[in-house]
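Note that chain A is present in both complexes that follow, paired respectively with chain B and with chain C.
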Partner chain A sequence: MADPTVPGTEPETVPGTDPDHLLEPPRPDVEVSEGVEAAAQAEDTSVHGVPEVPPMPRPVFIARVVIGAALAFAALYAPYYFQEDMNKVLAQALYLAVAAMGLNLLTGFNGQVSIGHGAFFGVGAFTTAILMVDHGWMFEPTILVSALLTGLFGLLVGFPALRVRGLYLALVTLGLAVAFPAVAKRFVHGSGGVALVRPPRSEFGSLIDGVDDDQWKYAVCLVAVVLLFWAARNLVQSRTGRAMVAVRDQEIAATTVGVNLAATKVWTFGLSAAYAGVAGSLSVMVEGFADATNPIIYFQRSIEFLVAMTIGGAATILGPLVGALLVVLLRRNTSDLIEGKEVLSPALFGAALIAIVYVLPDGVVGGVKRLLARLGRRETSQRAQVGAPNT
Partner chain B sequence: MQLFVSQLLNGIGSGVVYGSIALALVLIFRVTGILNFAQGEMALFSTYVTWKLTEQDIPVAWAIVLSMAVAFVAGAVIERVLIRPVEEARSPLNVVIVTLGLFLAINSLVQLVFGTDPHSMDSPFPTGRFELFSSGGDAIEVQKQTVGLIVVLIAECVLLWLLLQRTRLGLRLRAVASNPDSSRLMGINAGAMLMVGWGLAAAIGAVAGSLVASAPGQAGFDSSLMQGILVYAFAAAALGGFDSLMGAVVGGLVVGVANALTIQYVGALDGIEVLLPLGLILAVLLVRPNGLFGRTTVERV
Partner chain C sequence: MTRTRRFRLLSAVLILGLFASACSSRDDDDDTSTGGDGGGEGGGEESSIDTSNCVTDPTAEIEGDTIKLVSSYPQSGLTAAFAEIASGWQSYFDMVNQEGGVEIAGKSYQLEWETKDDEYNAAETVSNIQEMLGSEGDQAFATFSVVGTANNLAIRDDLNEECVPSLFAATGSPAWGNPDYPWLIGSTLSPYTLEGQVFADLLKDQAPDAKVAMLVQDDDFGKAYEDGFRQAIEGTDIEVVKVEKYATGASEVSAQITSLASSGANAFFDGATLLACPAALQSAAAANWQRDFTWVSSTCISKTLMGIAGADAADVYSISNIKDPQDPQWDDDEGMQLYRDTVGANFPDTDTENGIVAYGWTQAAVFVEALRNAEAPTRLAVMESVHNIDVGDDVGLLAPGAGVTTGPEDPYMGERLNLVQYGFEGPDARNHFNVVGDTYDFEGQTADLTPEDLVTG
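Here is the complex of A and B:
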């Protein structure tokens, strides 16, 4: 990187054109902190990709509190405002966000690309379904079991992933997603084939009680999202998080400053898989079943996670949530947009994806960050002119 | 023995198909450094074009040639219009998202334009079998279809090799692949080369798709034709090494044969045969992380 304190220079960053670095994750924050923008926030000396906490001006702090409170209120009030079907859609977006955050920890922050998270999602879904259907468990403990199980499974996959990387890692993990339905088909026998149907809400216990079925789904997913996103935020701001980003940006340099490469990568893989597993558990609650009849369903899931992460903004904290909302809402709204031409809805969805990538190359959250940085720059440069009368 | 050989030949038959799609994937990867998830659906579209042409009483072989031409143009246009603007942002994940969007869009456009009913068409190859070897009652036979597929694949490889290694166009393609900026300085129209690369890959996909759809064993095809094949083609490309045309073909054959033999002989994997080729790929990649024929790369800090 060029010296970020020199305004007006355009540092020559040309990441990822070499074929061996294909599928290297984007580095949205690099652009933001380039040149002039960086001069405006000259105190920003943190590692790229890690949201830093600069001393916050008072109006920004107040704005944050107000926006945060409004969002929290909206999130809590939503299930009472919307109808049943919309609550289900929101719950779908929330569990998708959990999985996308898992992938974001691995791909966005640690640089390992996986198209196999659908398999972890599936393991989580079947773990919860089996425990509840065959063993009559209440809901919440099954989340812990599937997080542990998928975490272990993720660690197992993480070891070979040390050797295979980039494109090849993406394809090996793709194999995982393709193989999972076949394995599930072989060993799981639910009612009417492979699908395991969860019992109705009245027949199992849960910590959240006394609300309607659809509101319960939403509430459970919301709690999971809040807890897991908070944990992810703290993680990436910690020493471990900085190690993850360092490994993503330059492995060899990271080892020379004492980062344990293997441990960082394997543990990140495990943690990321656990997130996907929790999302799988939640999906059983929202959809009502764990299914493996469609041989490429978990491949499609993996793609969904990747899309949600990328269009929301990779290597950001809010990105996966925004992306998941966009994906779910886009799909819902494109499915009945054209009367009588339902076959076209995937085309519209695909076109929307392409359009988003066109307009916002670093995702929605990345785009907003860039916009804010630009506004901030204008303000600071004005202030600098006023505040520096004599040279 | 007889059973073994016939399963082997079956495996080669499907392996050839995986190999040719993998060839198209590798070609695009070599020239542009992109993993094209839409490759299978581009081939699907061309297959429907071939089918539509045969409906107009054009012989299958000519229909395939025409459809290759259509696919070449379409591939080049896709590169110019959809891929390049995103690629210029130099974010590989975004290019992946665009190819995934294409995957969905082409698939549903095919259903819209050509309908959702399954279709069937004649094979360009004669039906029947060649007898390879017979002793007493046992005879080892090979379907003419399989032989035809192998011949086509070999022809594709030879032509591609000649194009890339023995023509000025091929030289330019390789120059752009190895260093786009320098080749521009040398006066090569890099953009045009990228379009040619995509066009060629689409044309190869057109052949593979049309041949799969017209195979005698194929009871008819619909818009899900290429999805299973694409996964195996990815596997084949990963096995062979993503930057080797030769590797794609070998990878395809290995995956096809391994799959066919597992189905026949490994009863314990009944229903989960897919694990064997995947395990194989993992094993190969653990020993050679860049595939069987891939180049190893040196990373500089």
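Here is the complex of A and C:
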């Protein structure tokens, strides 16, 4: 499985000159570390927000439990508080978060840039839609098939991706996203002769009495987000996760300590694609169709994933979720901000994104972490305590 | 280890909480999954429309005194040429409202409308209509003048299930005659297969061994042209030598035209719409394609699109059943003056000489007639009424002899039509289409002249 030619062909990478670094997401938490282990250690820290080794102070622990419970309650209560249209928006944010998390595993944690995840998303969406329309499947099982299929597709793309890196990898994956609608148009025979497949709306109905359809869709998306983010979190903290980060930061060093470069990269690609595929499946439920009528729609999706990951905070666990919520809510709120000047809404959206990235170059989650770290430092110095050392 | 355990506990709580909260209910209406038995079995007597599977009750009377219509059509970007249809119908509705509204069964109703831009993208149409109608289909009375074949096909399942009238779809697809979808009806835009029929007749008369090259959109809109024309020339010496397709909504077709021009065809069926239509004529001229006959889609005869092609559109044929506002012979026509004044007052920026505005105006006029004839202010009664239209050519801007008739078995409007030819007199002249020959009357024949799978497929 090891592919010695790839690292072998790579000259010594000088940070800053390697094309990889041009597209790498900012990682302010990670200090420029010489050794692989140090890098992995530092990354670990950034994942948890608090260091692993010293025991957590009791107030912090309680605060975390309280905040966590409040957020969980908010997430569960939201579909009852909001009306139908807002629930749809939230469900959109949730499936976007799943795709952004997929991209985060690949780009944020493993350093492989992809502008092609829209294609995986599309494969997932059409898998679900076609299974339902042509083969009479229920919605829920199609998610698994989508995940498997897009995962395989991701592995296939992952192999050639071993040979190209950085900007070139971005270009290759971009081609994927741009080519997808044309390919779909060729093989999909949707209603009206265009590449639009719509399962009957009743197929997405709520399976629980007393839960409205929109609440049900939100709940399904929420369950997917919880499960997949949990899985991602566990993965990133595992040996494999540390290997992924090591590959991102120092390929050569990673191989010297025994990380299987090719396997790590290819499997990450596959897993990441599977996340995007699940998001695609969920999108069929939320939007009601799989659509490739617009030739650049999956390119736009890819950018959306990238934006959600970046403004939320790359290489963090909550980042993609926060980013997805921000993207979807910003788009919704900028679209009717100026009455009669809807043309301006993309500009407003863009300006808001620029503002966010300018103020929080490491994403919202990264920014919050910096803020907490600063507060923590002040507190410790004020109390003159020997508290938890915060990076 | 404690971390993992805590997280497991949290997720267990999450999932439990999810199920627990599922048992309470939001303040709004009850669940929709069992809402299907509200259907109007009582309203089914003698109706041509089966209402037994309706999710909503189509025999419920309109509450209040407004009839709300929703529409989705391209309004921006390269597909905006069709947006002007709406200034026509909105002006007419405004006029009717000012005159006191539409009277149905003794009560007057004001017309109200909401529209959204879909950029001619079927997926956007789905979202737009869903958003405006609400998931139960109760936020508006009906849809009106939704543009595009694929767009209307994409929304018709939902509308049919909800029994929401989908009125005057601004497309000439023969699929609007599908008896499985009684809640959808087309407009006075003639069925596309009739265009093929008229063109075939013209060629049979003047060039019985013509070789035809076709440009069509790569979807069911284009399929209707291609299959319709092929059926129309069956048994003749006319031959289709080449068919090229372009992606739905695209506006660049020069590659296709180069290929068609080299096919040796002496007749060109330009079945494109929007900007692709004039672009095809321009490319054909640029490629110096020598041909004797050119046909353009009836969706393309507006001033906007023909104006783009200019001299390259000289002498092209098409069909129409509307008075061309650019034609000076209608300047003193009463209907035309009313149209000019009303649209001019409502939309000062709209060019009333644009035939597409006149088309929109006429749809509203025919619809208002149907509304007045409805027996009750219900969806079912209105739908039955639009299936029983019989209006003369004095309604809207229908051309002389082009009155509209529909029946329970024949939902097609626009079956009386004229062969028209574009007379180009100069870039600044009032270039318009001239009627050639007598009015065609295909009343009740569209289904017979159309390949069956175009209707039911």
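Operating definition for what follows: the second predicted complex is superposed on the first by the 320 of 391 C-alpha atoms of A that agree within 3 Å, B and C clash if a C-alpha of one lies under 4 Å from a C-alpha of the other, contacts with A are read in each partner's own complex, and residues count from 1 in each chain.
As a working rule, a contact is a pair of C-beta atoms (placed from the backbone, for glycine too) under 8 Å apart; a residue touches a chain by one contact, two chains touch by 3 or more.
All of these numbers come straight from a predicted model, not from anything done at the bench.
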{"item": "Contacts of A:185 with chain B and chain C, given as first, second, both or neither", "value": "both"}
{"item": "In the superposition, chain B vs chain C on chain A residues touched", "value": "B"}
{"item": "Touched partner set for A:249, first chain B, second chain C, both or neither", "value": "neither"}
{"item": "First (chain B), second (chain C), both or neither touched by A:198", "value": "second"}
{"item": "Partner chain(s) touched by A:346 [first = chain B, second = chain C, both, neither]", "value": "first"}
{"item": "Touching partner for A:212 - first (chain B), second (chain C), both, neither", "value": "second"}
{"item": "First, second, both or neither for A:357, with chain B first and chain C second", "value": "first"}
{"item": "Chain B and chain C contact sites that coincide on chain A, given as residue numbers", "value": "185, 295, 343"}
{"item": "Touch list for chain A against partner chain B, complex", "value": "14-26, 107, 113, 160, 163-165, 167-168, 170-172, 174-176, 178-179, 182-183, 185-186, 250-253, 295-296, 299, 303, 306-307, 310-311, 314, 341, 343-347, 349-354, 357-358, 361-362"}
{"item": "For the chain B and chain A complex, residues of the former touching the latter", "value": "29-30, 33-35, 82, 85-86, 89-94, 96-98, 100-105, 107-109, 111-112, 116, 180, 227-228, 231, 234-235, 237-238, 242-243, 270-275, 278, 281-282, 285-286, 289-291, 297, 299, 301"}
{"item": "Contact set on chain C toward chain A in their complex", "value": "6-7, 10-11, 13-15, 17-18, 21-26, 28, 31-33, 76, 121-123, 126-127, 130-131, 134-135, 149-154, 157-158, 161, 218-223, 247-249"}
{"item": "Chain C contact footprint on chain A (complex, rising order)", "value": "65, 68-69, 72-73, 75-77, 79-80, 83-85, 185, 191-194, 196, 198, 200-202, 205-206, 208-215, 219, 222-223, 226, 230, 233, 287-289, 291, 293-295, 343"}
